[in-house]
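After this come two complexes, each holding subunit A, first together with subunit B and then together with subunit C.
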Partner chain A sequence: MIELLLQTGLNALFAAAYLSLVAVGLVLIFGVMGVINFAHGELFMLGAYVVVALYTNLQMPFFLVVAIGLIFVGLVGIVMEMTMFHPLRDNPLGGLVASIGFLMVIQALIILGFGVRMEHVPPVTQDVIVISEKVRLPVQRLFVILSALVCLSALWLFLKRTKFGWALRASAQDPEAAMLQGISTRTVSIIALFIGAALAGVAGSVAAPVISISPVIGHSVIVSAFIVIIVGGIGSLEGAVLASATYAFIHTVITTFVDGVIADIVGLSLMLMVLIIKPTGMFGTQDRV
Partner chain B sequence: MKNFSSQTKREFLKRMAATISAGMVMGLPKITLAAGETIKIGFLAPLTGPVAAWGKPGLDGCQIWAERINAAGGIQINGESHPVEFIGYDNEYDPTKARAGASKLVIEDGVKFVMMLGGDTWPGAQPVADRTGMLFSTLLPSDLGPDTSTLIAPAEVHPIYNVTGVQWLAENYPDLKSAVICAQDDALGIPSVATYLAAFEAAGIANEDPILFDAATTDFAPIVSRMISLNTDIICLDTCYTEFVHPLVEQLFQQGYDGTVISCTADFYQQMIEKTSVEFMEGFIFQFPDFDDPALEQDFINFEDPGGFFAEYNNRHPGEWGAVSWEYASIMDLWKWAAEKANSIEPGDVLASMLESGKGEHAFGTADWWGSDLFGIDQALVGNWPVVAINDGKARIQEYKWIPGWYEEHGEILKKYFTEYNIMWDQR
Partner chain C sequence: MSKPQPLILLSFLLLAVVLIVLPHGLSYSQREILVFLTINILVVSSYRLLTLTGEWSLGHIVMMGVGAYGSALYTKELGVPVPISMILGALTAGIIAWGLSFPLFRMKGFYFLIGSFAAGEIIRLLWKRFRDPFGGPKGIKRIDPFPDIDFGFVRIDFFDPVNYYYFALIIVILCLVILWRIEKSMIGLTFHAVHWQDKLAESTGVNVRAYRTLALVISATFAGLAGTLLAHYIGTVNPNVFDIEQMVFVLTWAIVGGTTTIYGPIIGCIILTALNEIVLREIGLEQGRPLVYGLILIASVLFMPKGLEDVVKKVIELMKQHVFRGRIKDV
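This part shows the complex of A and B:
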């Protein structure tokens, strides 16, 4: 039983890692732009397909491909800002509706380019860290955990220690006051979209060898991410990380010891409870952060 | 009064539409085929989306089948040769789209037979079948019922054939005494769970409670951890979608499982070997052979040149051979045989011709039209089914098993589990 608990803890750590990357990116975009990006799951999917195209098909080095995935998907985020979110900034639902259309376009383009079938990504390594006979951490999953740690730490340093980070936080808290201080909210928006999208992209890229990749994988990811950001508090980066860990741990434990379907129900119930008891979420406030 | 009037009007319009469309197919005199006129066959299955792996490869196989038949002179009706053409419609495994597709294929395109994957999409197409009398086929006989008189399940009796893998396992490895099944909780997974439970019980293998998961699951590590912790001799992957079988197998490998694995399908198993190892996949049992298997060269096999078909398929679609690549083509073999015997392509005539003797020429040998016990109608073609195992990185048929023989002996156990899961035809 102890071995199963330990293995479950490692499984939860992996789930929390990639989920927090996606959720933090989603929160960042909402915080700065005030837009719920429905296409965020597709950015995760795009990151995975960068690996299919460059690592599987062209056999480029995996970590170079992950870096390319990060930059490429970040640039897609900038395109979204320029073509959808900025032009529709005065329309409260415009960005959301446009992002739904965008996700369909992305899916269709991927189907045209890669087909509908599940894609195969060869393993980067088959090494496994054997802690005991029944407690094992595959190194590929460790890569995902480490990537989340590195990216989220880098984001934290960026937000807290750089001028751009301060500008980004200021714009998120009060755009008008930020503009009066000479901060270009447009530039901040572009940076936020790049970072938010890049985080989803890197999550998809680094997780690609351990998940099933198809044009529709974004759906499952975005549902979990929405639960997480509602529980954590829409607009709270700390809340997104903590809620990712909480949700991943609860979901993994229930899946392991009870049932996967019950785990989904509990996850949704958790979201409902938060909405009823504390609608702003664990770390959310009345205003956007 | 107003409501009554509007409802009457709506009813009237509905009936008119139904009458007109039915008349287009049934009420008009049977149209005699002109010499050389192309026979159109509908292919209504998921060609995109998560279930596309059980649709698109089938259409690809049908295209090869059509080219081979057309090159050999086409279908012979009343002494005339007719080429055959497939018209595909992507239902995305969505009942609403299946209904729209069925209407288009039958009414606009004038097809004479519609092949489907079935499952969740059959309820969408069924009203069109009922209204027009069109002959439909499904890969999932659980779609059959007493009221599906124009639906046949002539290729596979999913999930009943899964009993053959367990039967073979028990005969060849009598030391295996316990099993756990995992499956997605849906219309495809649950009937298969009931069947595997029955098969294990019939073989004297103890069942742990099945582990069900949501079809939106992306990380299978927790499910595999739980299965391994149960310390069973066998882990059964049920009829999981290909997108699930691969990560489940990879997790079994990474978490150090060293027991026996059985699964309904192992599509693209070479990729699984690449993600695990040849040694790990040794002895992996499933139900769908590669068609270059020497065991398919036997006299009782009713599939023309399986090796050539397999080679051509892989030439056109490298690495895409899967469970359904040959199945829809084999249905067409049966349809062609029945149409030529009836000298007609009219749905009713072909169906009557198929069912006439109570036996049909299935790809794996002559089989019985069967099913009233489980499905309420004898329109599933049941006979031999192969048990396939991976040896040295290659799937090979181990043995053919006769499904009606198993059912005769253990049918009550199967009915018990079908009843427990509320999937008997009279419970649906």
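This part shows the complex of A and C:
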């Protein structure tokens, strides 16, 4: 029983790792641009397909491909900022609809390029860390957990210790005051989109060998990410990480012991409950980012 | 002022003729699309009623599903005859919406959007999870069709899409008239007040919460009715028919069409459906359809932020000016 619980905990840790990368990116974009990026799940999917194209098909080294995935998806984020979110900055509903349009475009392009079938990415390593008889952690999953730790710590350092990070947080809190201080909010929003998208991309890339990849995986990712950012308090990065861990654990436990649909229902109910009781989220404050 | 009225009458007559003749010029599959389009016009128009109060929901399509599942279950499990079950199904959607209004109207704006998504998705997952009575992922099959009407000399078979189209069209037009009357009544004016001046409305004694609830319940009831129209036509419902992807379509019809006029969402629905189902299919872009659809969506919010209705308004304005100028010349 304890072993099963431990194993479930490890599985949850893995799910929390990539979910928190996606959710933190979503929060960052919302904080700076005030727009909900519906296509964020598709950025995760795009990251996974970079791995399919370059690692599975072209046999390039895995970690190089992950880095390419990070940069490529980050650039896609910049494209989104320039073509949609910046022109629509005074129209949040318009930004939402445009991101839905973008989601359809990316999905269709991937389907045209790779087909609708599931892709299988061979794992880089078959090694498994055996903790005990029934508690095992495949090293491939450990990669996902480690890269989430690295990316999130890097982001934290960037936001708290660098000038750009200060500027970013300032314009998330009060764009006008930030502009008065001579901060270019435009540069900030481009950087935020790059980072936000790149985090989703790197999550998709590094998780590609352990999840089943299809052009529609973005859907379940974005639903989980929505739950997480609401429960964590929209605008709170720390909250998003904590909520990712909480949600992933609850979801994995219920999936293991009951079934997947019930786990989804519980997750959504949790979100609804948070919205009813404390709309700023469990860990949220008034500040954004 | 009395002069242009025959013109309006004439255009209504023309519209009526087009609506009656339309299905006869189409292929069988296009006729089926026409039936769905007619039903969807009711969905998006009822959705607009809620947006009048300033709230955007992502659970509307599930309310349509509640009507569809409700009507299907009333006929199958309780043996209620079909036309009555449809009314009951629509009312069920209204009642469920009333129940949901208690948690949901603690939220506003973006939180309401997400909250309504969560509530709707929970209902949808319950259909998926519980095989009894909802049929699980495969849903409910072999739902009783709308009964044939036998006049003795003529028999109307509702399995034929053309006949069902006429039937749905009559229902939908009736509903549109009712929705229009509601909007023009004191209730509708109050919806506008609730949207634009909720604090002021509240201070003049308007129960803002009650009006929000009323808008939600009315819009859900009509969506439910649309659902029953769908269920008794296709004869099967399953959870995927009412998922977020379908909701996204409703949302985009409303936004691309514009929601300040009653015809905006209808135009949006017709043009986007015709584009997606007919034009893109005709030019053979089967897999590329979402690509073009997505690009058009982005372009329309970028370059037409006020929606298609704004274009229509401008055209009407131009025509009016033209007619006016012509008359001055005559004098």
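The rule is short, and it goes like this: the second predicted complex is superposed on the first by the 284 of 289 C-alpha atoms of A that agree within 3 Å, B and C clash if a C-alpha of one lies under 4 Å from a C-alpha of the other, contacts with A are read in each partner's own complex, and residues count from 1 in each chain.
One rule holds in what follows: a residue touches a chain if its C-beta (ideal position, glycine included) is under 8 Å from a C-beta of that chain, and two chains touch if they have at least 3 such contacts.
Not measured: the values here are computed from a predicted model.
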Subunit B versus subunit C as contact partner of A:Asp264, first or second or both or neither: both
Contacts of A:Val97 with subunit B and subunit C, given as first, second, both or neither: second
Which superposed partner A:Ile211 touches (first subunit B, second subunit C, both, neither): first
Touched partner set for A:Met84, first subunit B, second subunit C, both or neither: second
Which superposed partner A:Ile111 touches (first subunit B, second subunit C, both, neither): both
First (subunit B), second (subunit C), both or neither touched by A:Leu272: second
Touched partner set for A:Val223, first subunit B, second subunit C, both or neither: both
Partner chain(s) touched by A:Thr56 [first = subunit B, second = subunit C, both, neither]: neither
Footprint overlap on subunit A, comparing subunit B with subunit C: 111, 219, 223, 259, 261, 264
Subunit A partner contacts - residues on subunit B that touch it in the complex: 47-50, 52-53, 56, 185, 211-214, 216-219, 221-223, 225-226, 228-229, 242-244, 246-247, 250, 254-256, 268, 271, 274-275, 277, 320
Touch list for subunit A against partner subunit C, complex: 36, 83-84, 87-88, 91-95, 97-98, 100-105, 107-109, 111-112, 219, 223, 226-227, 230, 234, 259, 261-262, 264-265, 268-269, 271-272, 275-276, 279
Contact set on subunit C toward subunit A in their complex: 56, 103, 106-107, 110-111, 114-115, 117-119, 121-122, 125-126, 128-129, 244, 248, 251-252, 255-256, 287-291, 293-298, 301-302, 305
In the complex, subunit A residues that touch subunit B: 3-4, 7-8, 11, 14-15, 111, 116-118, 120, 122-123, 126, 128, 130, 133-134, 136, 138, 141, 210-212, 214-217, 219-221, 223, 252, 255-257, 259-261, 263-264
